Every structure is written in structure tokens, then in C-alpha cells.
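Have a look at these structures, which come just after this line.
Both of the next two complexes hold subunit A, though its partner changes from subunit B to subunit C.
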Partner chain A sequence: MSGKISRQILLYGIVCLAILAVPLLVDNAFLLNKYARYLIFGMLAIALSLSWGYAGILNLGQAMTFGLGSYCMAMFLKLKTVPIHTGSDGLPDFMVWNNVTELPWIWVPFQSMPFALLAGMLVPALFAALLGWFMFGGRVAGVYAAIITLAAMVVVNLIIIDQQSYTGGFNGITDLAQFDILGLAFDAYSASTYYLVAVCLTVTLFVALVVSRSKTGLILQAVRDQEERVRFFGYDVALYKTFIFALSAAIAGLAGMLYTIVMEFASPTFLGVPLSLSIVIWVAVGGRQSLLGAMLGAMLVTGVQGALSETEAFLETWTLVMGGLFVLIVLFMPKGLAGAVEALLRRIPGGERKGDARPAARQGSKSQPHLGGAL
Partner chain B sequence: MNRNRRNFLKAGAAAGAFSLVGFPHIWSKNASLAFAQDGEIKVGVLFSLTGTTAIIEESLNKATLMAIEEINADGGINDLKITAVVEDPASDPATFAEKARKLVLSDRCVSVFGSYTSASRKAVLPVFEKQENLFWYPTLYEGRECSKNVIYTGAVPNQQQDDFIPWLVEKFGKRWYLIGSNYIYPKEENNYCKKLLEGLGAEVIAEEYVPLGHSEFSSVINKFRSEKPNVIFSTVVGDSVVALHRQYRAAGLDPATMPMASLTTSENEVAAMGGDAAAGHFTSAPYFMVFDSPENQRFVDAYRSRWGGDKVTHFVSESAYFQIHLFRQAVAKLTAGDIGPLAIREAVKGEEYKAPQGLVKVEPENLHCWLRPKIGQCKADGQFEILTQSADWLEPNPYSAYPNQKCTAEGLKEV
Partner chain C sequence: MTPAREQLLALRQVTVSFQGFVAVDRLDLAVASGELRCLIGPNGAGKSTTLDLICGKSRTTSGEIAFRGAPIHALKEFRIARTGIGRKFQVPSVFRELTVRENLEIGCSRGPGVWRNLFRFSGGADTERLERLAVLVGLEDHLETQAAQLSHGQTQWLEIALILAQDPVLILMDEPTAGMTAHETSMTAALFNRLRGRHTLVVVEHDMGFVRDIAETISVMHQGRLLAQGTADEISQDAKVREAYLGSGGIGHA
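Let's turn to the complex of A and B:
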């Protein structure tokens, strides 16, 4: 068991180091910006893998928490701009357009950076905790929980579009200042922003790993597989589920904050249905029961998507091609790429897997099948 | 067993293919600094070919590409061919931002022509402002923007309303009902409309906003019936405009006494709702497909022979077309070594072009265009009948509803 864990940590570490090394090889503002964006999608996939892969909560509204984080950061950065398009006194331009005369109370605390950074994670987490408390306390599970998450996201999305004097409405919050902290400037196209994202991704990945390996993680997997039995043992199932749901939301919120820095705007489409369902697809492709698999799945799918849509031959059909690829993967690799790779490694005689041949280790992995291999 | 092995092979092959296409440019470095190279000059074309706004944006893409082909067939600009890099932003603001970055930073385009909605323009704006590139935006919009990195070739509120509103008041009366989709464009248009109506002594009896994509107008139509406005000023956009017109007609209301006046209903929207539903209503725009000029005859003929005899041209596709020719004229004034986004911006200031709608000009102060507004009434065949046109071109004033603000070459000024 312990050999397996350290191999997993090693593998995760190598991947993170490789991600951190990218700016050494790539000296191109566009690519760094694009790859930073893919890394953020990787974080989102980790968030969903935690709740879906480990706790069995299919969150179709993951983009809601992502969008909330994104808006928190956008509100903070907006208040730092000189509103060049209106020339008015410290009010965001879209508020002036909507005849708002003083800063709404909800915006006031976002003048403080520590508050904004905390809010970017805590607001989504609180939202999720509240929603989770309702759902899991009421023993709503499975497809019904999925529908509620989707509905909640649509509601928040509609409110943001409708309350345009406070949120910028359909156009979102645009024309933002550059993010800087402790004298470090994070230009969206610079290596520094890439590193910021990569470090957050690494921390997120390892936090998620620790949680998934902890007692809480084990209980959650048990809940996923046999909820009634776990409840019978006396565990507060709703509490565990709410915890992982909120943690997943906090990660998504962090990803959302980074996304605003990288994209230089926030838009209601960040908490839209298309993005939210894309996250599910990334995680399904990568392998939902593997944090690393889900993360790489997101980066791979969005990378292929970008490359395909930039290829002239696929200019008008790339969405169709992507759809076809997903169908194939779901059909032939139900556990995603991570599951396929693991099965492939198990096939290779000898080699890296020798340790597993020991009866004890084999037994261990049999009694806890979902801990899987190194991925 | 065998079956399983086959699965793994497939999985491996798929994974391999993914990693090959996933990061194809990992070693690429920035290209050299000149914009005009190897006898070509690269421009970006950024209109959605998929997604919710694809129908209208495809027509803009086609008009843009056609203009580029014309110029290249004519020998290019000072022997430089224009190479169009076409990207599909899929009607999604985030994808717009990503593709704009690719065009500006990776492809090093000297200008990008694109986008239809304000939301997508707002999403790409930071890229052009930070990278000092130039974006050409063909759509009518709400104004209130004063970017030094955008050439606006569509109409702003004063250009569509200055003639239109007084004309309607005189012809139909002073009780107005304002209905719009709930976002910034209708609100800004209405802000200016209310200002004009106040000056004319007319009355706004209702101002109502429906959610974007709204398609159930029966309560709105009941209010039309009970309030009996003289004019319904509609800034409803997208699919909602089709629903509104169809339900208006189905309710048996009469455009002769209670017409809808729109700034966005073009031949394109009329084609979607059917001429019957649109007949009798009014639109103000700088261009209609039926406009009688040799330039427009040539434009419509070329467009139809290039893209299909059933295609319509409209006031946004006309702007998408003529802005390429403004670009050509600006670049032609520069020597190859000087060609760059900011040099083109300086060169296009004050530039005039005989567009299908008539002679247009880029205003040097605010980079919007002097246009020639017309008032059209829709007919059952889906075309408009042009009733009046402004005597002269009309100055663009993106801050028309806010007399204390003025967009200048140095940026926004408080007056």
C-alpha cells in the first residue's frame, strides 16, 4: 500500500513539475496565456472529480461556483480601474450607464484585496454548503441532485444577467485592472501569471489527493458505493457530502478567480450550461475516479478543441468531431483515459508493476478497488 | 481477452493522437516583427460560424471574405496580398477572447475584423487595447465606447434615430411604447429615444424589457391592445424579434395604426420571421438591400454570385464589406515597412469610401463612421421600401445621450 502511495505522489509530482517547467520551453505570450487557461480547466476537473468521482455527486452546476469566483475577482479588479469609458467618479462604467449613483453595498467590501480573495473561495463554498445542506440533508441523491445543481446554476446565471446595474448583465464585467499582489504584477500574457496558475493547480491537486486519501475520503467513497450502509454505521452522511461539495466549490471558485486574471473579463457564460457540461465531459474523458486523470482529461480535451478549431479543414465541423470523439471514449473507455492507461500498465508483464504482485498488496487493492493504481 | 486487448490498443491510439494535436506549437517562438512579409499582409476574421449567433455572423464572414477576394483579384494593396486568417469563436465570449489572442499574438495579424454582439466585442477589447492592435467592428451598437483600438463602421444611436423619431412622431403620433430585450443595448437606445421624444413633446406610455431569448409576448400584446400606442419602438433582438412580430400579426394588430419601429430588424431578421409578419413595420438603417446605387448593385450581384442567389445582404454585412475597403485605402497610403495597426489607424482617419449605402467617412476624432441613414418599410416579399433618406451623411456621436461627454482622439473628455 505505502509503495503504491509514494509512487502516486511521485507521479503527481512529476506531472506538476512538468507543468511548472513549461515557461522554460515556451517563450510566447499567446501560448502561455492559452496554456494557463487549460490549467484552470484542469483545476475545475479536479473539483468535479472530488465530488463526482469520489463522492458520487454528479454536479452539473460546477460552473456556478466557478463563475462566482470569477465575478468576485472581476469586482475587485473593476474597482481598481480608472473608468476610462465614462470618466466618472469611481463607479464602474456599467453602473453609470444604469443610472446607479453610489456603489451598491455588495460591492463595497470588494475594495479590499484580502476580502476579495477570500470571498472568491468562500462565497462559492458557502453557496455549495447551503445547497448541499438542503439536498443531502433531505436525502436527495443521484439524478435529482444533478438536476438541482443544474437548476441552481441557471437561476444564478439568470439573476446575474437580469441585475445588470450590479453585475454588468449580459456583457459581464469588462475593462479590468491588472492583478498585482505584493509588488508582483500578473499580466495575463506573462510567465508570472502562468506560474501563479500552475502553483495553484499543484496545491489544489495535492490538497485533493490528501483529502481523497484521508479517512474522510474513504468514507465518501463508501458513501458513493453504499450510502445506506454507511449511514447505518452511524456516520453523518449528509455532513460528509456537504463538506466535499463545498470543498469542490472552493476549488472551482479559486479556478474562477484565476480565469478572470487570465481572460481579463468575467461573463455570465462562465456560469453557463455549455461550460458546466463540458467539465463533466472532461472528467469523463480523463477518468472521474482519478484526480490526475480528470485534470489531464480537461487539458487534453480543451487542447484538442483549440487545435481542431484552429485547423482550417475542421473550421466548421470541429464541434462535430469533438462530439464524435466523446462518444467513442465513453463507449470504449468507460473509466476514461486514466482507467485505460491503468489497465494497460497492468497488462505489461514485469516492469513497474512488480511490487503489486506481492499477495498482500494485491489483497489490499482488491478490498479497496476504487483507490485504483498510481493514477 | 482479445476484445479487451483491442480496447487498449484503441485507447492507446486515441491517447497518442490527443497528445500529438494537443500542444502542436510547443517550440514556436515569436515571429519577426514586420507585419507585411513575403508579399502578404495578414488580417484576422473573427465571426462565429457555429453557435447561437452563427446565422447572422456567417453572413458577415462571407461579406468580409468577399471583399478580401475582390482586393486580391485586383492585385492586392500595393502588390501585397491580403491573407485572411479565419477563426470560429463559436458565439462564446471566452472563445472570442482566445481566438482574438491567437490572431493578434500568434498569427500577428495587422487588424482583426469581427464580432457581432457587444458582449463579444467587450470580451476581445482588452486584447486589442493591451497589444495596441486594431479591431474593426461592423455592427450597429449602443455607443458609449471610446476605444483608440477599434474602428466602428456600424451606426450609433444618433445616426439611426435623429431622422427616424421625428418622422414617426409626425406621421403616427405622440404616444410611444418602448419595448426591448433586457440588456445594455436597448436601454441605451431608449435613453436617447426618450431624450428625442421629450424634445418633440411626445409621451412614453410604457418602457418594458423582456429577458433575452424571450418568446412569449401575449401579455405584452395585450398591453399594446389596451394602451393603444401610436408607435411601438422595439429594441427586441435575436429570436425574440421573430416571436414578437409573429405574435403581433397573429393577434390581428394593424401596422397601419400601431407600427413597430426598429433599429435592428434587417432583411436577415425578416427572412427568419417571414415577410408577412414583418410587412408594414419600419426600420431605420444606413443601408437596405434595395437601395438604388451602382455600388450597391455591384455589391448585391457579387454577393449573390459568390454565395448563392437566395442570399440577402443587410446593413451589418454591408459594413463588414465596406470596412475592408477602408482598410485597403488606409494600407495603400503606407509603405510596406511602415504597415502596422497604429499606422493603419492614423491612415484611416478621415478616409472616405463610396460604399453601397453611399459615401462614408471615418471620423478622425472618435473612429466611428459618417453614415447615410434611411427609413425603410418592410414589404411582404421580405424586402424594404426606402421611404426617405437623410439629405447628407450624419456625424457619428457615440455619446449622443450624454451631452457633457465627448469622444476625442485623446480619449473621453468631459465637456
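Let's turn to the complex of A and C:
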């Protein structure tokens, strides 16, 4: 058991090191910016894997929490530009255009960086906790929960678009200052920003790994399996689900903050249905019950998507190709690529067969290195 | 009822109706601490529903259920479980996607909080107890086996082990020997006789041989009511009980 865990930590560590090493090989600011975006999508996939893969909560509105985090960062970076991009009153430019005369109360605390950084994770987490408390306390589950998450996202999206004078409306919040912390500046097109994202991704991946390996993670898997049964052991199922839902939201919020730094703006499309459903596809392709699988799935899908859409031969048809690949994977690999790789490794002689009870086989497999179950 | 022992569980005038169908009708039942009580009755007598009411799976329409002197019928399921009540279901319900060891870890539910369990990992303080339980139910060679791959009898044993891991004061067992071989049934009877005294058990069972092996007091239910109560011999002599069972071929085959 412990051998299996250390192999898993090793594998996760190697992947993270490889990600951190990319700027040593790539010396192209444009590419690094693109790769940083893929890493952020990987974080989103980890967030969804925690709630969908481990606890069985299909969150179709994951982009809501992503967008909220993104707006928190954008508000902070916008206020840093004051008064360069503004009129005389020290207001963000779009507020001046909308005849706002005084900084709205909701913007005031975002002048402080610690507040903005905390809010970027806590605001999404609180939103999710509130929504989760109502859903899970009321025993809403399955498809109904998925629809509620989707609806909640659409509502928040509409409010942001509607409240143009406070949020920039359709245009979002643009012309942002550069993010800097402790004397380090993070230009969106630089290795330093890539490192910032990569470090956040690594920390996120390992925090998620610890949670999934803890007893809380185990109980959540039991909830996914047989929610009703878990209650009769004395576990507060609604609280457990709310917790993982909020943690997932906090991770998505962090990803959203980083996305604002990398993209240099925040937009209502960040809380859009297309992005939100894309996350589900990435995680399904990578394997929802594997954090690493989901993360790599996101990078793979968005990477291939980027490559195809930039290749002349597929300019017109790349969405069709992506759709076809997705259908094939869901049909033939219900546990995603991670599940397929694990099944493959188990077939190799010496690989551990999950559930094999023969003591001889177990002893035999202990001495041989294999990655079964490590994903 | 038994003045020598403290009363642990008391149902007073408990009634439940499902859209007009009265499944349990003004039921009075008292179980003393340390007792092993068998609940029998023809199909549809309300036995399983009674267990559902005690553990909170169904809600009483009227009446009161008291456990250790405090009313529990309005509490949420997990709160009832935390007062010390464990339940084994009729259809064995274990976590099929998890291993036997992981199942047992979930059974050890003394610290049920989210925060506390974030800092607990496999191989922690419960390991020894958990492995002893696996030996007790004969699953020590299957700790890393996925529960979905166990035989029916083994699944029943695993669920019994889960309840023991939970270590409740009162254990509610719904047909624990269903689907077991004669040998497995007699092993279960031996186990129950060992649990007697340490735990209080309420067992719903159809197998009269098994009931005779374990029961001190038998409560017979019929059409949602308590029909008779007494030792196995008293029950089988009882005219009302014989009449209730006539339709299903006599008590021996019930």
C-alpha cells in the first residue's frame, strides 16, 4: 500500500518537474504564454476531478468560480493603473464612461493586494459553499445538481454583463497593470509568469493528492459509490460534499486569478458555457478519477486543439476532428486515458492486478516496479 | 420490561403511513441494554420498516422513539448514527468500488468530522483494529480486494464487519443470513452470541433455526403491530402467531 503511494508521489513529482523545466528548453515568450494557459486549464481539470471524479458531483458551472477568481484579480490590477488610464477622479476608465462618480463600495477593498489575493479564492469558495449547502442539504444530486450548477453560472454571467458600470459589462476589464509581488514583476509574456503558474499548479496538484488520499477523500469516494449508506455511519454527507465543492471552487478561483495575469484581461466569456463544458470534456478524456490524468487531459486536449486550429489543413474542420476524438474516447475508454493506461500496465506481467487476492501474486508484484494505480 | 436491565430503546405508539398505507401501526416495543432481540413476522409485517424508523431512513408519522432516554425520531440520519446506532441493510450495501480495507476504514467512524479526516491517512491508528475485524469475519486475505469481487456471503460478512468497525451501542440487523450457506449461517449465529452483552442487537430474520440459536426474546409483528412476545417456545405455542402464519405455511417455514 505505502509502496503504491510512494510510486504515485514519484510519478506526480516527475511530471511537475518536467513542467517546471519547460522554460529551459523553450525560449519563446509567445509559446510560454500559451503553455501557461494550458497549465491553468490543467488546474481547472484538477478542480473538477476532485468534485466529479472523487465525490460524483458533476459541476457544469466550474467556469463560474474560475471567472469570479479572474474578476477579483482584474479588479485589483485595474485599480493599480489608477489614475493612468482614468479621468481626474481616480476611477477605472470604463466607470468614467458610464458616468460613475465614486468608486463603488465593492471595489474599494480591492485596492489591497492581500485582500484581492484572498478574495480570488475565498469569494468563489463562498459562492460554491452557499450553493452546495442548499443543494446537498436539500439532497439534490446527479443530473439535477449538474443543471443547478450550470444555471447558477449563467445567472452570475448575466449579472456581470448587466452591471456594466461596475464590471465593464461585455467588454470585461481590460488595460490592466502588471502583477508584481515582493519586487518580482510578472510580464504575461515571460518565463517568470510561466514559473508562477507552474508552481501554483504543482502546489495545487499535491494539495489535491493529499486530500484525495486522506480519509475525507475516501469518504467522498464512498459517497460517490453509495451516498445513502454513508449517512448511517454517522458522516454528515452534505457537509463533506459542500467541503469538496468549495475546495474545488477555490482551486478554480486561483486558476482564474492566474488566467487574468496571463491573458491581461478578464471577460464574461471566462464564465461562459463553452469553457465550462470544455472542462468536463478535458476531464472525461484524461480520466476523472485520476488527478494527474485529468490535468494532462486538459493540457493534451487544449494543446491538440491549438495545434489543429493553427494547421492549415484543419482550419475548417478542427472542431469536427476534436468532437470525433472525444466521442471515440468516451465510447471506448470510460475511465479516460488514465484508466486505459492503468489497464494496459496491469496487463504487463508483474503488474499488479487490482483486487488480486492470491498472496503469491501480491508478493511477486511487490518487488517489481510498476505503475498500476499510480496515476 | 426487564427491570434488571436498563431500558435502551423504546418505541411508543409509533405509526408510519406511506400515502395512506399504514406500514407500522401504534407499535410499542422496548429493548433492554445488552439484549439480543429477534423481530419476526410474515412478509409485509413492518419489520424492516421498524428498523428504518429507528435509524432514520423513514420518518414516523406519529409516536416517539427514544434511545438512551432521549427522543431520536426527529434527528437526521447521521445524528442518529452518532448516538450509537448502526444498521445492516437487507440488500448488502458495501462500497463496491473500494477495497475491503477501505470499506473497513469508512466503518471506523468514531471521528466523523471533515477537518479531522483531512489529516488521517490509510495505515493510521485504526489499522490494527481493522485487521482484527477482517480476521473475525474471515476476510484477512482479501483486504486489498475490491469489494465488488467478493462472493455474496463474503459481502454479507463485510457489511457485518463494517457495523462492528462502527462499534455502535445498538446494532440493527436486517436479514443478516440471507443468501448464506448453512455453514456460514451457523458461523453468524456463533458471532452474534459473542456480541451479546457487549452490544444490543435487534435482528430481523426469517430463518427460524437461526432465530432459535440466538434469540432470548422474540417479538412477532403482524400487519404493523406487535402480535406476541416471548421465548421461542412460547411464541411457537401462541395461537395468534399460528393464525398469522397460516397463510405462509406455518412458522417453521416463514
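In this section, the second predicted complex is superposed on the first by the 346 of 375 C-alpha atoms of A that agree within 3 Å, B and C clash if a C-alpha of one lies under 4 Å from a C-alpha of the other, contacts with A are read in each partner's own complex, and residues count from 1 in each chain.
Heads up, the rule we're going with is that a residue touches a chain if its C-beta (ideal position, glycine included) is under 8 Å from a C-beta of that chain, and two chains touch if they have at least 3 such contacts.
In this text the structure is predicted, and so the values were computed from the model without any measurement.
Novice: Contact-wise, after the overlay, does A:F233 reach subunit B, subunit C, both or neither (first, second, both, neither)?
Specialist: A:F233 contacts subunit C only, not subunit B.
Novice: So in the superposed three-chain picture, is A:T269 touching just subunit B, just subunit C, both, or none of them (first/second/both/neither)?
Specialist: First partner only, subunit B.
Novice: Name the chain, either subunit B or subunit C, that contacts more residues of subunit A.
Specialist: Counting residues of subunit A touched by each partner, the higher count goes to B.
Novice: With the two complexes superposed on chain A, say which partner A:A307 touches: subunit B (first), subunit C (second), both, or neither.
Specialist: Once the two structures are laid over each other on A, A:A307 reaches subunit B alone.
Novice: Does the superposition put A:Y144 against subunit B (first), subunit C (second), both, or neither?
Specialist: In the superposition, A:Y144 touches no partner, neither subunit B nor subunit C.
Novice: Considering only touches as defined above, state whether A:F332 meets subunit B (first), subunit C (second), both or neither.
Specialist: Only subunit B is touched by A:F332; subunit C is not.
Novice: In the complex of these two chains, what residues of subunit B are touching subunit A?
Specialist: 4-5, 7-8, 10-12, 14-15, 18-19, 21-30, 49-50, 86-88, 90, 92-95, 97-99, 101-102, 104-106, 118-119, 122-123, 125-127, 130, 144-147, 182-184, 187-188, 211-212, 405, 411-414
Novice: Residues of subunit C touching subunit A in their complex?
Specialist: So the residues of subunit C touching subunit A come out as 55, 57, 76-79, 81-82, 86-87, 89, 93-99, 101-102, 105-107, 109, 112, 114, 117-124, 141-142, 144-146, 148-149, 162, 166.
Novice: State the interface residues of subunit A toward subunit B in the complex, per the touch definition above.
Specialist: 25-31, 33-35, 37, 84-87, 94, 97-98, 158, 161-162, 164, 169-172, 174-176, 188-189, 263-265, 267, 269-270, 274-275, 299-300, 303-304, 306-310, 312, 315-316, 318-319, 325, 328-329, 332-333, 337, 340-341, 343-344, 347
Novice: Provide the residue numbers of subunit A that touch subunit C in the complex, in ascending order.
Specialist: These residues of subunit A touch subunit C: 1-2, 211, 213-216, 218-219, 221-222, 224-226, 228-237, 239-240, 243, 354-357, 359, 362.
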